[in-house]
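In the two assemblies presented below, subunit A is common to both, partnered first by subunit B and then by subunit C.
Up next is the complex of A and B:
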């Protein structure tokens, strides 16, 4: 069986399992929707008072916000195995069993669970993105739509890479480090606004250390036809979501190094 | 239950529960440290966004400096929002151990109330004290005074803030108890934990200071119960609510606490009445 079909089986089993408890899944999804929705209600309130942020309108912000939220929701839905890796696999020694199977550990962990509750954040992101597409002061062309999808895909790859790196740390620390959430959830929060509104140090951090800017800010400024604060030409801005995929690749290489140095806790 | 032999004796089981839960929760220092780092970071991000908004339109009912102070206070008292039902009670309801709680010769609502209050206080203190030190002492010392938490403008503000933040804890615990009542009624924490945090976060001022909402919403936002969790104590701290305004704010906090305790007590009694415990 090839990897893709095996993954399909994993995913189908996980979804079937969650549908056994439709109430629990629905409530968690509703909770996610409500929590992210009030976040955007806060953004709306600030715009109602201040009018704009650094020259950007609410419609434009909705575009940034929606694209990053959707990218994170998709990555989050597909990466549950890495999310619980420290607690469920390293601490318990369950990772030994994964190593015995003749398949890549990253594939097995990716197939651990498809988290349906992420539909809450995903649908909220989709609603905000739709508002952004409707309000943004441009005429949408096919090229723009493709670039938007390309940016979201790059965002999924980048967030997935971050979540893999977070899991890789567990090889050294055993427990998952909650502090790493400041770059995952923090990255989502930061990427919801165009990076040029931030102070220089923070903007550079979100561009060159955690490449959130490459999957949100740069391609979206290219769509909106606005100059970017980093001085990248339009073609480079359009190509920048590639960095998200490169980041994912790098994360997988580091993951491999972590697997090689893994010693079981022996439990 | 027989009448207490000595005045004060009746309070003893509640005080014992308060003390035990407080010290137990205090043990989780690593969680508190991780929480502190996250809180500082989120505070920085919120302030960066607020600063960007203020650059475009600096004249607002609340200055940028005040909004920065409000944000740091929000980070310091973050866990005081009624995020969840008391996890111990949730577990008792799930496992059936709640039956033992019913056997204790104490008032179940009051007993759970002090447990939840202690749980909250023990999580707030190890986070709030270092957050205060960082925001109010370290930041000014490192030359970032403009981004720091200023001290209250005068002594009355400091005293009234202390009273108001205690009232906020009492109010928040009353809300936690309502959520706990829902858990007992539905035997699951999922439903109540789904909506309560979102609602309290936005309506308390936890996401955006209530003064920065559109002006037509101001009175309504001030009068609703969640304002007493965050907005009222913080505005008293910043000197924005003083004198009669502060008194009105604290009065609102106490009135809502009384209402919610009465409702929560009735609701919990009703839910416990109908609760069926299987085997065990």
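Up next is the complex of A and C:
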């Protein structure tokens, strides 16, 4: 059975497990939906007052906001195993169990749990994205739609890589790593807006260090037919979500180094 | 040719020493004092296919380190280990596909899923084809008597029931080697016997090589023909269980209760001690002086109400063995 089908089996098992507690699932999903929805309601309130933010209309902002929010929600739903990795696997020694199975550890962790509760954030992201598609001041072509899907997919890969990197730190320390959330959650928050509203250093950080700009800002400006602040040509902006996949690849390589460290030192 | 060959395994860890207090924790972020712990100094042995090896030693002796290296989840500092032609830590994925591992204290099944669904997931993880899976599953279900448990979520099973399912799960991909780590810990008497019975059958009838680590000497007594005692990171003894027992029998005890007033027993090679209840306890070497000879001699010379032999408890023997080698946990 190949890795992808096995992943499907894992996902099905995880969902069956969570359905044993339907109340908990429903509550968390609703809470997540409400939480992120309130976030966007705040943005809407700003527009109601000022009309534009840094030259961007509400529809355009909704496009940025929805695309990044959805990408993160998908990555988040599929990465629960990495999220709880330090606490549930390294501290307890349960990682040994994964090493005893003839499959890549990253695949097993990815399959550990498909978090249904993330459906709340996901559906909220989808609603905002739909608003963006509807309000954005362009005529949608098939190419635009493809590029949008391509950007979201790149975003999923990039955020997944970020969550893997966060988990990898647990091989070196099992101390609480809340501080790393600044990068993930902070990155999501900041990436939900067009990067040109930020100061230069922060823009560069979001582009070249944690390349959220490559999966949000650049391809979306290309769709909207607007120039980007980095001066990248349209074709490069369209190709830039590839960087998200490269980032995921790099994260997996670093993960491998972490596993090698674990097997040398034990738990 | 040996199935498992282990030569001069050595494992050293650097352990960060924590300094006490909050300030110590802060300092620890920047500078850590490290202490080197030698978990394994020199461990060598080899094992033929189909053997059943008991692996014992006090806590911290290096048992689990050795088992972790053998099962491919830890790489040693130096030394060689070859199992069916593979080096576990270099060929992890190929190696673990051929072994089964049961931890008494840790589950490999999914907590919220019915047992059968866990089995099916393991089938896919280990790439077992459907026909072979059905055959093995049917066989294990029968051997372990778990038919009625298959549709129950794991969390609703008792420990004994769970352990039977764990062993079945570990066998689904037909491993040629089975590692059992404290498989009877916390089990009631019936479940312990059931687990031992199954392990014995898998070993004798199906030729599965078994490596058993345990603190329960009754497991060892019931199962292992060969025992390796490990202490302070070295192999203290590698012998048949019978040889270990014979060494234990170096000191057998005879308890004599007198009908009237106790009289002194003075026989060379026998040490005596009067118990609080007035009975006299004699310690002697059963290999030099058979118990029956000693009993008839005492019965002839003294006015005896009762005599019985106290076999040394295997636990006491092992404890003495650890103490003798300075291997007891400090």
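Keep in mind that, in the parts below, the second predicted complex is superposed on the first by the 260 of 267 C-alpha atoms of A that agree within 3 Å, B and C clash if a C-alpha of one lies under 4 Å from a C-alpha of the other, contacts with A are read in each partner's own complex, and residues count from 1 in each chain.
In the analysis below, a contact is a pair of C-beta atoms (placed from the backbone, for glycine too) under 8 Å apart; a residue touches a chain by one contact, two chains touch by 3 or more.
Keep in mind it's a predicted model, so treat the numbers as computed, not measured.
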- Message: If we overlay the two complexes on their shared chain A, which of subunit B and subunit C does A:179 touch? Say first, second, both or neither.
- Response: first
- Regarding the shared-chain residue A:139, is it in contact with subunit B (first), subunit C (second), both, or neither? neither
- Task: Please indicate which partner A:30 is in contact with in the superposed arrangement: first for subunit B, second for subunit C, both, or neither.
- Result: first
- Of the partners subunit B and subunit C, which touch A:38 in the superposed model: first, second, both, neither? first
- For A:200, select first, second, both or neither according to whether it touches subunit B, subunit C, the two together, or no partner. neither
- Message: So in the superposed three-chain picture, is A:20 touching just subunit B, just subunit C, both, or none of them (first/second/both/neither)?
- Response: second
- Query: When both complexes are superposed, which of subunit B and subunit C contacts more residues belonging to subunit A?
  - Reply: B
- Touching A:49, do we find subunit B (first), subunit C (second), both, or neither? first
- Within the complex, subunit A is touched by subunit B residues 34, 37-38, 41-42, 44-45, 48-49, 51-57, 60, 188, 190-191, 193-195, 197-199, 201-202, 207-208, 212-214
- Message: Considering only the defined contacts, which subunit C positions touch subunit A in the complex?
- Response: 13-14, 65, 68, 71-75, 89, 92-94, 96-97, 99, 101, 103, 106, 108, 110-113, 117, 120-121, 124-127, 153
- Note on the structure: subunit A residues touching subunit C in their complex are 1, 5-6, 9-10, 13, 16-18, 20, 93-94, 96-97, 99-104, 108, 263-266
- Message: Considering only the defined contacts, which subunit A positions touch subunit B in the complex?
- Response: 23-24, 27-28, 30-31, 34-35, 37-39, 41-42, 45-46, 48-55, 177-179, 181-182, 186, 189-190, 193, 197-199, 202
